[in-house]
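Shared between the two complexes below is chain A, which pairs with chain B and chain C, respectively.
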Partner chain A sequence: MSEPVEKQSVPSVWRIRTLSGPLLWAVGLAIPAVFDSSWVSIAAIFAIYAVSALSEDVILGRGGMFDMGHAVYFGIGAYVTAILNSSFGLPIFATLPAAVLLSAAAGALLAGPLMRLRGDYLLVATIGFNSIFVLAMQNDPGGMTGGSDGITGIGFPSLFGLPLASQSAMFWLDWVVLGIVLLLMRNLDRCEFGRAQRYLKQDELAATTLGVDARKVKTQAFALGAGLAGLAGTLFAVQLSTVSPASFVFTESVTLFAVVIVGGPGSIPGVLLGTALMFVVPQIFRDFAQYRYFVFGIAMIAVMVLRPQGLWPQRRRRA
Partner chain B sequence: MSALLELRGLGISFGGMRAVDDLSLSIEEGHIAALIGPNGAGKTTVFNMITGVCRPNDGQILWQGQDITGAPPHRIASLGIRRTFQTIRLFPDMSVFENVRAGCHLRAHQRWWQGLLGSPAQRREDAMLAERTHELLRRLDLDGVADEPAVSLPYGLQRRVEMARALVAQPKLVILDEPAAGLNDAESAELSQTIFAIRDSGVTVLLVEHDMNVVMNVTDHIVVINFGRKIAEGDAAAVRDDPAVIEAYLGRDDEEPAP
Partner chain C sequence: MDCRVKLGNDANEAIQFDRESLSFFDKKHPTLAGKVMGTFIQQVFNGLTVGGIYALIALGYTMVYGVMRLINFAHGDLCILGAFIGLTLLTGAAGSGHSGAVLLLCAFVLAVVVIAIAGVVLELVAYRPLRKADRLSAVVSALGASLLIENSIMLIWGPDVHVFPADLLPAITWTVAGANITFVQVMIILASVVLMTALYFFIHHTRFGTAIRATAIDQETAKLMGIKVNQVILTVFVIGPALGAIGGLFVGIYYREAYFTMGWTYGLYAFIAAILGGIGSIPGAMVGGVLLGLFNAFAAGYISSSWQDAITFALLIAILLVRPTGLMGEPDAGKV
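So, the complex of A and B:
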């Protein structure tokens, strides 16, 4: 059953592998120069959802915790930016740390009760959190969230007094953030925190007897995943200049969950591929958008049956 | 001389079953001690209580005089106690190197954000721990299979990988749960040498073992339990001739008719 270990990986192949990622990212920077504005906005949406899916992967793919309420953290980030910007007039970049930290705090807080639950039980509990979040936003607590209509008129971010108002400028912002998050994920693969996650996922008892503090590592994973989702939420609020509860409902969480499972849990290229399939393809085939979940349902079943490790699985690594 | 590890009146029940009852023993630093007894005597349960996997109902566990009863497994590990499992528990999707490297977890002092940022200090530490892992792999003659998936190895080698994982952080006490199970004669003879080598490197050893050759050859101190209770204790010669031990293992040979 075990995968054959790639032995004949010559150095040049290795170099192509490590360089192809940054190269593709750099090529991506040229998208606004080549494509028209509708494609640029699709690429921006891809970058935002890729950050969101990678953040789900921290919890689901790497942590092995069935988080099916990830849209909550995405939503907290979006709402924090929307409220601070439209009601309090804070510049977008000033809202960003608050969005990340509040989402991370929510993740760490919810991790407490979730930690005791396993597999399917955890999944049901996270669905519960998602429903609570959407209901709370709809009920407009303190007149802050604007109820079902949400919040409109979110401003543009500006950098050193220079407004990033154009479609291209916003794309570049999203793309740069995606690049930073990809770098973080690559480092996560290589550091002790990432390894501790793998130990716990593969054998929790063995891991704890080697000194892995399961509670701490899982809480950190939730906080990190939620914080990155909050970051994506800020970008989302800016991109659409409006937030409403409909963007953070349970089905959005399901889609993020599916992106990770279908793409390849713990695999950066896998999650990016999954994001492209789930969020970008439907934008291209707008006319068929209503068949989205029909097609994805079939695709998920096919992947689970034919390729349970995901379309682009995590590869064995050495250290 | 104070004991490295001391159990005082340890007891645990599962449901209505008294798995371990009023067990007291102490292990001296630098010794090789063994816990033996027939199948189902409660040996693994004792290990589970020491390593924090399950919590005793009664009694105390003292580590260098300090009460550690009921501490969680990762806390026990941080004291310098490592174990292997009767049913080998290697990380299935990892190579031999990665499995053994996992044993260094507590030697890594990097913070999570240092790891995420890939700081120079974090990289230096990772390189240092990788070197430490390779060194131990060489010492245990596992360097040839370092990159193989651990679970693809033959049984005997898997046991050795698990032992390497327990030893790589240079613990104070290593607990081996049936290290000779599934080994052939040559391998178990080699195991005795390995256990001596572990002791000589400054690690106290506690083992559960069925292979009496191994037990009689290597141990300084043997504790025999049956039905969760201690029935004998002493060095190899004393335990071997103890009537209670012979009875536990072989049954009574002069069954007397009821009066």
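So, the complex of A and C:
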């Protein structure tokens, strides 16, 4: 809170800041041309989890609501795509709207009761929802979710009759979606909804006095965050071609939660950095897979003790 | 395919705890009424045993939350670390010729001492630096500590299920109205009652207990009254984990197994018990533990076990929505 309010910064610095993001994204498009397929798949995983983490940021970082069950919305998206594709034979792109809308609806629906809870109570309730979701998927209601084994054999998407079957094509799809979501997140900072969220997070009483509809903004935040997570879920189902309850357990929610807080809540570069550390680094050091959560544990404590605001905190801006 | 990486904690999947083992005492009874009665008494005793364990673990959550307003996510893992330390002593000294009771006592003492020290280290390293920081930072630090302890157990003892030795305690079973009550059950129930009574007197009838209660009500004012808040918090991080270690070891002895993700399973149940009773309230944790234990036993006995956990979580959410302060919670427990 003691950071000085930013003065009119030097224009060239400003330009570098605004241009470096899109530039990095454009450079990223060349990943399949430079690296081999295992790196391309790691980059694709990064893009998918980045979308997922950014969607958690809408609720947790920007909304200030302690959502520790975000894997539920990610899971709903993945399961909707998996079921519609493998049981009903719908093409992947046709399942996408359903996945996004159903996740968003679940988010908005759960937001109703969840909104009455604050802080730690919200945290515990979302943990409860996550556990119920995983149990429900394991119990295979109506023979649709395939129980603990999940659903396998999900097809690949095709665009205008052109199958996106190769690893590179799927990477480009993920990367383009990430780009769109990043653009959306940047604009979120400036639109009415984003401003209302910032007011609410800083001082709910003052914001509601000034006419901000807290209920509406919070429901919208849950719906938007959940919908984007559903989008990431669809990409996840396509990338792995299989969906099972193990991918949406509480540990995954904790990881998404930690990505946002460790990276820097409300900060796009922070969340991307957090995603890279929590999801990409373990893929690179796969030989040490059993140490993954051990190292995470130490890293989470260390980052919080040394940098409680996150690795790359949000720049202070006038609300 | 190389790119299809298995994400998530496989071990969680592999070792799903089988709650049906709760009702393994069920036997055939001659009359229907006798059978109904026997099942009922059986479930009451099963519930009280598990409830006592939940209560012992829940006390650690509720005391820390009471004085620091922090969910100590690492508590459940600390408790199970206690079970593993006790188990190591028990299996290591198996052939030493001492009687089972002596070995068990040593195991409890060792587990309590080690876990109390671990609790203090946890507070000093992971929580004290964050006391003035944002709440979320402390939550993430607690989650980090949980992952660290859980995976330390896995790296030291391996991911397999460890079996507790069977011949430590006399295999006495009493039959009451068609229900079988084991020596272990009676021991756990009695020990829980004694420990909780002792804690209740410590908190409510000693000067230090008064200091703990004052700190829980208002840390700043307590400081002004000359209470050494840091000392109170350290004490809480000795008592909570110590009781938790006993609870963890009871879990191992009762179910005769230990595995590294157990801390999460039992920690969550104990935590639900703490919320049920009203988080921050010490009698609440005791009552909540027993009620949840009974609820679980009856749900396992009478309702399908595959949805039993889902029912428990639905109960948790319902309590949070209807009465977030729990059955015996202080009104200010909901303050954020």
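The rule we apply is simple: the second predicted complex is superposed on the first by the 312 of 319 C-alpha atoms of A that agree within 3 Å, B and C clash if a C-alpha of one lies under 4 Å from a C-alpha of the other, contacts with A are read in each partner's own complex, and residues count from 1 in each chain.
One rule holds in what follows: a contact is a pair of C-beta atoms (placed from the backbone, for glycine too) under 8 Å apart; a residue touches a chain by one contact, two chains touch by 3 or more.
Everything quoted here is computed from the prediction, not taken from an experiment.
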item	value
First (chain B), second (chain C), both or neither touched by A:222	neither
Contacts of A:187 with chain B and chain C, given as first, second, both or neither	first
Contacts of A:46 with chain B and chain C, given as first, second, both or neither	neither
Partner chain(s) touched by A:172 [first = chain B, second = chain C, both, neither]	neither
Chain B versus chain C as contact partner of A:312, first or second or both or neither	neither
Touched partner set for A:124, first chain B, second chain C, both or neither	second
Touched partner set for A:79, first chain B, second chain C, both or neither	neither
Which partner reaches more residues of chain A (counting touched residues only), chain B or chain C	C
Partner chain in contact with A:240 - chain B first, chain C second, else both or neither	second
Doubly contacted chain A residues - partners chain C and chain B	none
Footprint of chain A on chain B - complex, ascending	51-53, 72-74, 76-78, 82-83, 85, 89-95, 97-98, 101-103, 105-106, 108, 110, 112, 114-118, 122, 126, 130, 147-149, 151-152, 165, 169
Residues on chain A engaged by chain C in the complex (per definition of touch)	37-38, 40-41, 44-45, 66, 113, 116-121, 123-125, 127-129, 131-132, 135-136, 138-139, 148, 167, 239-242, 245-252, 254, 257-258, 261-262, 265, 283, 286, 290-294, 296-301, 304-305, 308-309
Complex contact set, residues of chain C against chain A	1-10, 12-13, 65, 69, 71, 125-126, 129-130, 133-141, 143-152, 154-155, 264, 268, 271, 275, 306-307, 309-310, 313-314, 316-317, 320-321, 324, 334, 336
Chain A residues within the chain B interface of the complex	2-3, 5, 184, 187-188, 190-196, 198-199, 202-203, 205-214, 220, 224, 316, 318-319
